[in-house]
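Next up: some structures, all given as structure tokens.
In what comes next, subunit A is part of two complexes: it sits with subunit B in the first one and with subunit C in the second one.
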Partner chain A sequence: MVKLSEKLRQPNYRIAVVSIFVGALLAYWKPYVLIEGIQRAGLYAAIALPMALLMGVVGIVNLAHGDFMMLGAYFAYWVSVYGGVDPLLAIVPALAFFFLFGCIVYLGPFKRILQAPELNQILLAFGLMIVLVQSANLLWTSRFIKISLPYVSASTTVGSLTFGTFEFVYVVAAVTVLVGLQLFLKKTTWGQAALAVGQNPRGAKVVGIDVDRTHLIIFSVSIAIIGAMGALFLARHSISPFIGFPFTLRAFCLIAMAGIGNLTAILWVSLVLGLSENFVLSFFGYAGWADLIYFVLIITVIMIKSRQRQVK
Partner chain B sequence: MKKLSIILVAVGISCFFLISHALAQPKPIKLGTAIPTSTVIGQEMEKAMRLAIKELNKAGGALGRPIELVVVDDEMKPEKGAAAIEKLATLDKVDIFIGGMASGVHMAQIPILRKYKPVTVWLGAASHKCEQALEGCDWYFHLHTWDYEQGAQQRLGWEDISKKQSGMKIEKNFFAYEEGGFGAASFEAIKSVWMGEYKIVGESFKSAQVGGGDYRTLLRHAKDWKPDAFHWIGYEADAMPIMEQAKEINFSPPVFVGAPPMWPPKFAKEPLANAVCFYTAWSHSLKAPASIRFLEAYTKEYGQPPINYVGPLSYSNVYIAVEGIKRAGTLEKEALISALEKTKYESPLGDVITFKPSKVIKHQGNISMKISQYQNGQEHILWPLNLATTQIMYPLPSWEKR
Partner chain C sequence: MKKWNFLLSALALAFVFFLPFCTSVYVLNVVGLILIQMTLALSWDLLLRSGQLSLGISGFFGLGVYTAALSCIHAKIHPLLGIFFGGLMGGLFALLIGVAVLHLRGMYFAIVTLALAEALRVIVRNVPTLSGGPEGMVLPSVIFHGDALKTYWLLLAWALLNIVISIFFEKSRIHFALTSIRNDEIVAESSGVDVFKYLVCIFVFSSSIQAVAGGMYAHIYGFISPESSFSFELVLLPIIMAVVGGVTTTWGPVVGAILLGSVAEILKVKIPYGHLLIYGIIIVIVVLFFPKGIMGTFKERMQTNK
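Moving on to the complex of A and B:
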């Protein structure tokens, strides 16, 4: 009992308990809000996790994050069209391709800017975003592409409720990425080095960790994951060169809410965001308000955190 | 020295002939257009305009002068669109303005056009807000139907179709519209025409074009309301996901209508597209002779047919402007306006285009809306009934039967 009360003092557990309570209420009142909210949360978390890893370890706000996903989606599209395979199978080559691409991007511009003021880093990421978007625009034009896959509209019926099942793939993806990253960070040498670099780069260097190489690995892993996410995204969504930025914003918001470096909390705050958005959407005529949710959440979290600091 | 003198004289004579030849060439008549050439739809417009100009120049141009198209990319951005008009009016000094696309962009262009008051035969912009901003602009001719006219034509069309199809009802209509200017303004205009006699409910959604793409809650609302017809007003990016998600939640209204400016490539071939109705000003299946001629010429020139109605509309736009110039016999403004007022152009859109006053402006083209339907991989016209190529597939087949 004492252990539980101690655990409840941790934000992650508090958010988890509240989420479970809200989830139960929703399941009773409007079950589709719960189901589709969880699916939406899966997508958000799967996109935000690699960005959170990058921000936590390397300390870069990668404004081009969503645009790497866009490139991943086009990569999967090419693999699907020219290779004649299902776009979901493009996940494997996308991981390898975007890992290499991440290496190139890191060794090219990013490595040189790590010691520069944060504003320079943001400007570089912003510039990279424009380059990626306009390159995609030249290669594939601004016209939206949607691959038709019969399985994305698969559904199941429970009682009077019919709901889609494909989007659970995003939940699986988010959990897989989270578990994979946790294992990588805790069980591998590179992962442990990354944790050390994330906490104290100078200290890590003193004890002999190759900080630069760690940055390279983490940057490339982050780009590889988000690139592979592009394949999952393509299966369900229409894509164009301009789809990335709204997801960068959401990912950034989730990281700010979860706290930099706190990967597990990304899952919970994604759930809060996904359920809240679906809750608002479920009221007829209030769809426009759903977009305000993440602003409200981020402002609330910032206020709470700044109050906590003042109290300390 | 003597050799140098000979060379200099030869160069001088060559220059003289070159310059005099250039001066003797008739100065081209410039048609200026601001269109989003960085988008597929803008490229389509430019291709159709260039095809028309090629044909016209081959036939001798106008007033003994060749026709030239001056294109500025407005990037679908209001500020760029306004700057494009300024450039065309001042730097390029075009003789007549044509083209144009999005209402949002045009709203920013209208003050610049009002400043220079050029003779304008505008193709796009359907919002009634643009029309209101153009009050008193007698030098302005508009081709695309205004949103409220579209609403009225759609209503008339559905009334005609439902009269012909036994058991068909269109009493309860659910409108899903994208939350931006295009969708919201279109719904507002449609509501003003349909309200009263029909039950109308509308709900906005965030288009996939701007980061949305989850329509399931909206579709559930529509499903609960049990409409006779479900209409969505959005973009190409929304087309397939809406169908997929409607199937996912098993929403199958008797009539399913989509109203994006253009459909995804090969949408017609998708099993989910079967029996989906849509609005257009032109269809590949249109049997009008001018349409067949245009389709053949376009396909021959570019190796593929036009993607939607903006092609034949842009083509018509150039012809209407140039025929106006020919009729006027001059580029003088008053004569040109007067000549354009007498326009009677047999368009590939299937209409003989003339200009009449609309609610606010004096010169509105009479382009008719067509109601079409995808049936087994082909697009068919359902209305106007005199152009119909088949009967409506009604009701929408259940998802299992596709």
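Moving on to the complex of A and C:
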């Protein structure tokens, strides 16, 4: 017993105990919030992870992140409509196509963005985002598109609860992306080089790492993952050229909460965002306020971190 | 050089003063819209002089729109007083949010201000009894009962006031403080500049200018809705104006606003769907190839000629 009380003093254990308590409470009071919150968290985490990778290694906020997912969704739509392929299978061509697309975008505008002074960087990223969204708007109009798939509405009944099972694919995707990225960063030469560049670009250059090529690879990997996520997104949701932006902001919120360079923590904080959004959504008449949560979280994180810095 | 400047300004002043007497109401409306965007561009540039790039113009603009319109709808006060309240609200909100947000720099500041506009839009949508919700609201009457001439004078006065403020601002103590922050924050701080205080000051100031512009917009058009008040175009267009004209100068945003405001009006008529794409391409090209804008390039030419 002494050991337990000692462990409870450590912040990590305290957080774990609190979250288990909150989870149990939710499971008892609003079980649907718990289930759908976890599914939503998976979606957010899978979207935020490639952005976090780019931010950690290259050190730039990709304002167009969600919009690449939108393009991925349209790509999957094309493949499934004209190729007659299931959108979930479109993940494979999407990965390849968006890896190449990422290379092109990097070698074209993005490389220049990186070299520009900081203020120009923001303007260019902003301009790139507008160009992507508006080109999509011109190509496909702002009409919502949806593919109806039979297996998407699959459901299970456990006790008195009936819930959709397909959405758990997002949780699987998030865990897969996280594990894949960790393996890539720790085990492969390119990944280790990327870690070094993320810690200290100049130092990495001194020891002979090709920083530019590392940036190219990481950017392309990030775009490839988010493009493939677009195919997964299309399976369940309806898409329009403007769906990307809210996800960029939510992904940023998750990264701000997790801390830059901390990929694993994104999974945990995405639970906070997903569960609290679904918690608000579960109250009839107040559902619209759910879209405000990520902003409140961002501001809270900024306030806490700046307070901590002042104390130190 | 100075003589030319003076002559040009006198000519421009004479032009804007005699314009309403020799054109149609349509042209006056277009010029009015350009003047609103000019104030937005100028106020954005004021903040940029501290090195902080805000993408939340539409947030404060929309806040001004809603405060000015709703205070007139619910409390039945005079529109001008409503516009004043709009500015006050914008300033207060900027103070509140600035204390948190101004701890951030660069890219992080930009994306959080972008989120701020989005958050305000969500709030407005979710209080339908107060704000009319997603459908928006129609004001009982427009300002000056729709007299195009009087609204033109109002907008012109506000724009000119902003230009004058910006000119005097360039010689003020706070401007030097902000320039030093932009150049190197650590150096500024170690030479005794209270960085955070000055940033909050200029953030509040520029936000309230944007909110006042929003209030005027609301009362001139007599209709408010979350989509039009927090529109993305309101972030994009002023920024392009300032960037094309040349940032961190007074005349840059002004020249850019006149040039791009006219172009934008033509584009809107000719290409109703793709004009935002063209803005995006303009912003990329200008930043890549002419980062100093028209006024910056012009100034450089003048100096090399000497």
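Here is the rule we use: the second predicted complex is superposed on the first by the 294 of 312 C-alpha atoms of A that agree within 3 Å, B and C clash if a C-alpha of one lies under 4 Å from a C-alpha of the other, contacts with A are read in each partner's own complex, and residues count from 1 in each chain.
We adopt the following convention: a residue touches a chain if its C-beta (ideal position, glycine included) is under 8 Å from a C-beta of that chain, and two chains touch if they have at least 3 such contacts.
Just so we're clear, the structure is a prediction, and the values are computed from it rather than from any experiment.
After overlaying the two complexes on the shared chain, residue contacts for A:126 are found with subunit C alone; subunit B is out of touch.
Once the two complexes are laid over each other on the shared chain, residue contacts for A:63 go to subunit C alone; subunit B is not touched. Of the two partner chains, subunit C is the only one touched by A:252; subunit B is not.
Shared-chain residue A:308: touches no atom of subunit B or subunit C. Contacts of A:291 after superposition on the shared chain: both subunit B and subunit C are touched.
Of the two partner chains, neither subunit B nor subunit C is touched by A:200. When the two complexes are overlaid on their common chain A, residue A:10 makes contact with neither subunit B nor subunit C. When the two complexes are overlaid on their common chain A, residue A:182 makes contact with neither subunit B nor subunit C.
Look at A:238: by the touch rule set out above, it reaches subunit B but stays clear of subunit C. Common to the subunit B and subunit C contact sets on subunit A are residues 137, 245-246, 288, 291. Subunit A contributes residues 60-61, 63, 109, 112, 116, 118-131, 134-135, 137-138, 245-246, 248-249, 252-253, 256, 286, 288-289, 291-292, 294-295, 298-299, 302-303, 305-306 to its touches with subunit C in the complex. On the side of subunit C, the complex with subunit A involves touching residues 48, 51, 53, 55, 97, 100-101, 103-104, 106-108, 110-112, 114-116, 118-119, 122-123, 125-126, 232, 236, 239, 243, 247, 273-274, 276-277, 279-281, 283-284, 287-288, 291.
Within the complex formed with subunit B, the residues of subunit A that make contact are 32-33, 36, 40, 137, 141-146, 148, 152-155, 157, 162-164, 166, 236-238, 240, 242-243, 245-247, 278, 281-282, 284-285, 287-288, 290-291. Partner subunit A is touched in their complex by these residues of subunit B: 38-40, 179, 203-206, 208-211, 213-214, 216-218, 220-221, 235-241, 244-245, 247-250, 264-265, 270, 272.
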